[in-house]
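Structures incoming, each one as structure tokens.
Next come two complexes built around subunit A: one with subunit B, the other with subunit C.
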Partner chain A sequence: MSNTAGGIGAKVMRRFTYDDRTALVFIAPVMAVLALVAVFPIGYSFYISLFQIKLTRPNRTPFVWLDNYIQLFGDDLFWTAVLRTVTFTVMSVTAITVLALLAALLLNEKFPGRRLVSTILLVPWAIPYVADALMWKWIYDSGYGALNGLLYQLGFIDKYVVWLGDQQKTLPLIANAFVWKEVPLATILLLVSLKSIPQDLYNAARVDGAPLLQRFLHVTLPSMRTGFMLVILYETMIAIRHFDLFFVLTEGGPGTASHVLSWEIYIETFRNLSFGSGAAMSYVLALVTFALAYFVIKILGRSV
Partner chain B sequence: MASLHDIPDDGSRAGRPVAPRSINYKRRGEIFRWLHRGVIFAGSLAIMLVVLMPVAWLVSSSLQTEAEIVSVPPHWIPDEPTLRNFKAIFAADEGPVSYETRNRQDPASGSFIPSTAKNLLPAMFNSFAVATLVVVLNLLVGLPAAYAMAKIRFWGRTGSVYFILATRVIPDIALVVPFFLVIRNLGLLDSILSLVVTYLAITVPFTVFILIQYFESLPDELDKAARVDGCSRLQTLTHVYLPLSLPSIVAVILFAFLTSWNEFLLALMFTQTVSSQTLPIVLASFTSDFTISFSFINAAGLLAIVPPVIIAIVFERYIVSGLTAGAVKG
Partner chain C sequence: MKTGLGRAFGRREFLKASALVGGAALALPGVAARAAGSNINLQTWSAAVDLVKSHVAAFEKATGLTVDYANAPWAQYPDAMVTKFAGGAPLDVLWVSDGWLPQWADANWIAPIDGFDNLMAYNGDAEPFCTDSMTYNGRQYGLTYYTDYMGFLYDADKLSAAGFSAPPTSWDEVVEQSLVMKQKGLSDFPLMLALAKESWLIEFMSAMVFSQGGAFTDDKGNSIMQEAKGGALTTLQWIVDAVNKHKIVSSACLETGELNGLKAFAAGNHAFALLPKYRLAMLNDPAQSKIAGRAKQALMPQGKDGSHATVGWMRFHGMSTQAAADKARAENAAKLIEWFGGKADGEYKFQKLLFLDLGSSFGVKPLFQDADVRAAYNKYGDVELIQKQQALARKKDVITPWFGDWNEVNGSAWQSAVLGNASAADALKKSGKEWDDLKSQS
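And then the complex of A and B:
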């Protein structure tokens, strides 16, 4: 038996088949790219969060262990931002799921013009969030916007109303712009789930004499459980980190009414130039996302 | 309603020869069918209105003059449609905008078309360049990897699939700080290269996932036959599977392109000047400036919406099947 390094290397190589080696070469580029742009930054982000890095004091960056996290969890502003993020997320995801279910039930029927409706429904999905934001910003405009104009002409209001500038209305209005853009994707996901329900189940229910509503409650909804789980988890992941609409529509305002977590991270990092605590905050957000993702992966992993 | 339940179900439904007593069913069927049609019509109409009305308002606003856009209540259809906003975007720069010249375009009012209007076309070009590069890189690294994970039984296969799935859910906002520090140290701030590299993080996992799903749906026998005929793995991929997987490749191209075209957060962090700013960045810079006419902002918004909407309408089939594959396997 050879003890040289080459000999061992050759032995190791022989244990891998041709397929093993080809596969390695094939997946190497993806692994390298993802290691560089996904795994490394996530690790590096945690490392940064252990330091006090202020770009206003570039030469003093002490290692502070978990101080950034401890400060964060003791900070009322952080918890208010968490609460706002949760409010926004619950509102949005509930609306998205219900509306997407209705749209999916509709598109599951066969009728002339179905293709047209499903194509139109794809439009909000395709447009950039920034364009979605500026469109709704103009609709909500308190001076000349369409929402005021429409409600005024229909007689629902007798003078123009302040929309985004009203702290009570800000989050629901931003959520509306978010829902408008997210429903199409959720509809497609639910439609897949709806189409995969075996027709036999309906036939059996029909033979048993179950009326339409009963069939819906006892066959359709339970069979879509995986679909619902996926939509709710996926949309929650998107909603808790959403940033674009908050940037364009309100910049966190009025006052602090739309200071959600992602806006807080942006302010802390790029306005206060405090990279350590900003990284800590974004790491908390990432951990929550990963916890949600664990379930998504379990669902998706089943299909691999 | 209760009376309907009193009638015992004898199993007879529309289309079958029925006993006289079942005339009730026929009428019920008729009523139900009309109700069904009514609900479908109302639902379709609601979807179309909710989707199209905001967009129509955007288009209408982009064509209005300054006098019209500030009318109360709003003019839903412009009385005198004008293309001045689009002229400002597409026409060559007409000299510097100063206090004296800024009202020149529309003397009727104090409308303001920003001097930065000329940045829109370069920004569009940047968006296009970034998106195209991201698409090419996605295919280069994604195709072989997806083929290997779908068709080759190798050591560590399941592990790599889960790795791809895990990277797919990393939130972009968690990448911003580390990316920023690294990119700043590399001197790549304000370069579209920094966008191309970071966009890979948010597109590649999805690309690989869709391609795996598609390759798995193709029969293994193709693979075996090609291998028996003496094809190498690479030849099997390029000669056998690539031509068959065109639909999924189209879907991947569309997703990578649209994601890059629409991305905002990372672009906001890493771009500073016209040389690297993408379309969403320039758009967002307009919306925070109260001196800019809303009709101009809407025209700029329309510019950003048109390419992705055309893509979505033309390639609807590919997009839906791609999203479907990326989510759940039916």
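And then the complex of A and C:
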């Protein structure tokens, strides 16, 4: 026994240098914590997803293999949620990227009051999501909301409009609230990317006689590829699993107009207390997020 | 043994110190009570906290028992309780909502109280729907904390301005009077319905279905909501027409929750509203409402085959299974339940205080004869009518272990019909099928 232990110890000593071993000692506590709070829950939640667990039926939790997953794929509401999630994500990420690019380009220029504009731009980022959602709930309210008040006073509408209660408008309006909150961070990321473009490239383009638009298309945009990748990847992951705005603004309604995957998971897990099928849904969401991230990295990261 | 200060600390000193600490602990009443097994764990949601505390203090004084009182916000309460139940946290008496009763009873987390004759004796004073709402599979699980029902409220000024001397008594009259009000420009959408997807939605639906003489389920718990004569179809079609055909209800009803609906009604935007009856007090408070003094209650309008029935709901004091399993603990828990849900010092003190302080309604009929209660009610309502409507309230017929799962689908189905994505019949077929599937699975 001691020989074996000694053997392993000797192997470790041979395999790792003193510096490696020191590093391992320092890393070990963090790894242990990560294993406890991240790796174990991930593994355990997959294990749970193979059972039919309903908290209110604590004595009946049969092992059902992959039934939770199979049932999920046969559920119309699940596919509705997938469609709504994809729509919301595409709308939001596109708008965030375009608006953040415009804001970054603006802040990259020198003009009086630039610092003030930068500060104002950061305000939405500092607001917690629930507060953000409550604020937009007031703005969108069809009875006393600020949006109706403004449009009415400006003469754009002659009577108050139903916003969140209109299924055609619900998802774009939630996306708008999401974009408002997310643009500042995306702007900072793109601004950093913008500032890292060597001035020499612009000078060379000018020497070649390239006008402003050409310089933007052929110098600025390609040089920001890393920044775009970061923004699109991050915002896609955030949008795809976003929950707060749906919870506060519409609770998945009207009808199923804002019934996204995160809402479906919440309902299944915390309202229906079905932890088995809820965990299965969460795994599907995680896999979809992973696949999208992989797709974005693959497409945008080719020449990074 | 050496302490950190380097002083000797031997076995004798250790025993002395232990005795001292133990004595001090026992000298504290709570600890002493716990040691004697006379401590009761009371868990509520965060409502009437000061009132509960003072009533607990009176209980402790009267009985010599001690109470560990804890509360959690209403929104998180079910999750918090399920976690506590699953984790085996100490619980004796807890507040329960009628909607959770079947699940919690099936999970064996709460126990029937019908073995305590002193508690069951209060049923004679309780409204039938209250007792029904606390009963599951023939067993009673608690005594009243508070109760209320869905009321039909109206703005008396708008009614008279439209030339009507009395509020509508039927749903047809609601349409008729609303159209006149629209025509006269008194309100764009005279009737306020709050049909957003939230916990109130089932109460609004049930009130209207019951008043049409209908139900969601039959006596055996089978779905009848999809049937032509079930009442639900008539109700949903009435709502669809009210929104899309008559336009007496705003299509914003789908984004309007109970609280926003209340604010809109209090702002004078509507002539009629379905709202919990206890809101009448706020609506007649000039500091909070523009229609103060004009907000009145009528009996729930009736359908062609219906009555003035409405839906009632119940929040009650229940006993945990762990408390029920221990005779002494169960008896102490029953004492606390009686102190709150029954009589304390010979009167329904807690229910009365709850009503006088917060306007929360009581579930026992004798309090309607109490002079203080009548005076308080008459400040903003008609006590006779309130009592009459309360007597017509019925328990929700969808409260089952699968209620939560079904409620989500049902809410979406009703909204889909109002949006025009499905006919009322198709929406209710979907709802009924979901009910049948869940029932068979359970």
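We adopt the following convention: the second predicted complex is superposed on the first by the 273 of 304 C-alpha atoms of A that agree within 3 Å, B and C clash if a C-alpha of one lies under 4 Å from a C-alpha of the other, contacts with A are read in each partner's own complex, and residues count from 1 in each chain.
Operating definition for what follows: contacts are C-beta pairs under 8 Å (C-beta built on N, C-alpha and C of every residue); 3 or more make two chains touch, one makes a residue touch a chain.
Since the model is a prediction, treat every value here as computed from it, not as a measurement.
Given the touch rule stated above, what does A:230 touch, subunit B (first), subunit C (second), both, or neither?
After superposing on A, A:230 lies in contact with subunit B but is clear of subunit C.
With both complexes superposed on chain A, which partner does A:57 reach: first (subunit B), second (subunit C), both or neither?
The answer is second: A:57 touches subunit C but not subunit B.
Look at A:141 in the shared chain and tell me whether it touches subunit B only, subunit C only, both, or neither; answer first, second, both or neither.
both
For A:31 in the superposed arrangement: first (subunit B), second (subunit C), both or neither?
first
Could you look at A:271 and tell me whether it touches subunit B, subunit C, both or neither (first, second, both, neither)?
Touch partner of A:271: subunit C, not subunit B.
So, A:69: does it touch subunit B (first), subunit C (second), both, or neither?
neither
A:164 in the overlay: touching subunit B, subunit C, both, or neither? Say first, second, both or neither.
Once the two structures are laid over each other on A, A:164 reaches subunit C alone.
After lining up the shared chain so the two structures overlap, which partner does A:255 touch, if you call subunit B first and subunit C second: first, second, both or neither?
A:255 contacts subunit C only, not subunit B.
Would you mind checking which one, subunit B or subunit C, touches more residues on subunit A?
Comparing subunit B with subunit C, the partner touching more subunit A residues is B.
Under the contact definition given at the top, report the residues of subunit A touching subunit B in one complex and subunit C in the other.
In subunit A, residues 141, 143-144, 251, 270 are touched by subunit B and also by subunit C.
Over in the complex, which subunit A residues touch subunit B? Could you list them?
Spelled out, the residues of subunit A in touch with subunit B are 16-17, 19-20, 22-27, 29-31, 33-34, 36-42, 44-45, 48, 102-103, 106, 109, 111, 113, 115, 117-131, 133-139, 141, 143-146, 148-149, 152-153, 160, 180, 185, 188-189, 192-193, 195-196, 207, 209, 211, 226-227, 230, 234, 237, 241, 243-244, 247-248, 251, 262, 265, 269-270, 275, 278-279, 282-283, 285-286, 289-290, 292-293, 296-297, 299-301, 303-304.
Subunit A touches which residues of subunit C in the complex?
On the subunit C side, the touching residues are 79, 82, 86, 103-104, 106-108, 188, 196-198, 250-256, 260, 263-264, 267, 269, 401, 404-405, 408-409, 411-412, 415-416, 418-419, 421.
What residues on subunit B touch subunit A, complex-wise?
5, 9, 11, 36-37, 40, 43-44, 47-48, 50-52, 54-55, 57-58, 61, 69-74, 76, 137, 140-142, 144-145, 147-149, 152-155, 157-158, 160-167, 169-182, 197-198, 200-201, 204-205, 208, 212-213, 232-234, 258, 261-262, 264-265, 268-269, 279-280, 283-284, 286-288, 294, 297-298, 300-301, 304-305, 308-309, 311-313, 316, 319-320, 323-324, 327-330
For subunit A, which residues count as touching subunit C in their complex?
My answer: residues 55-59, 77, 140-144, 159, 162-167, 250-257, 259, 267, 270-274.
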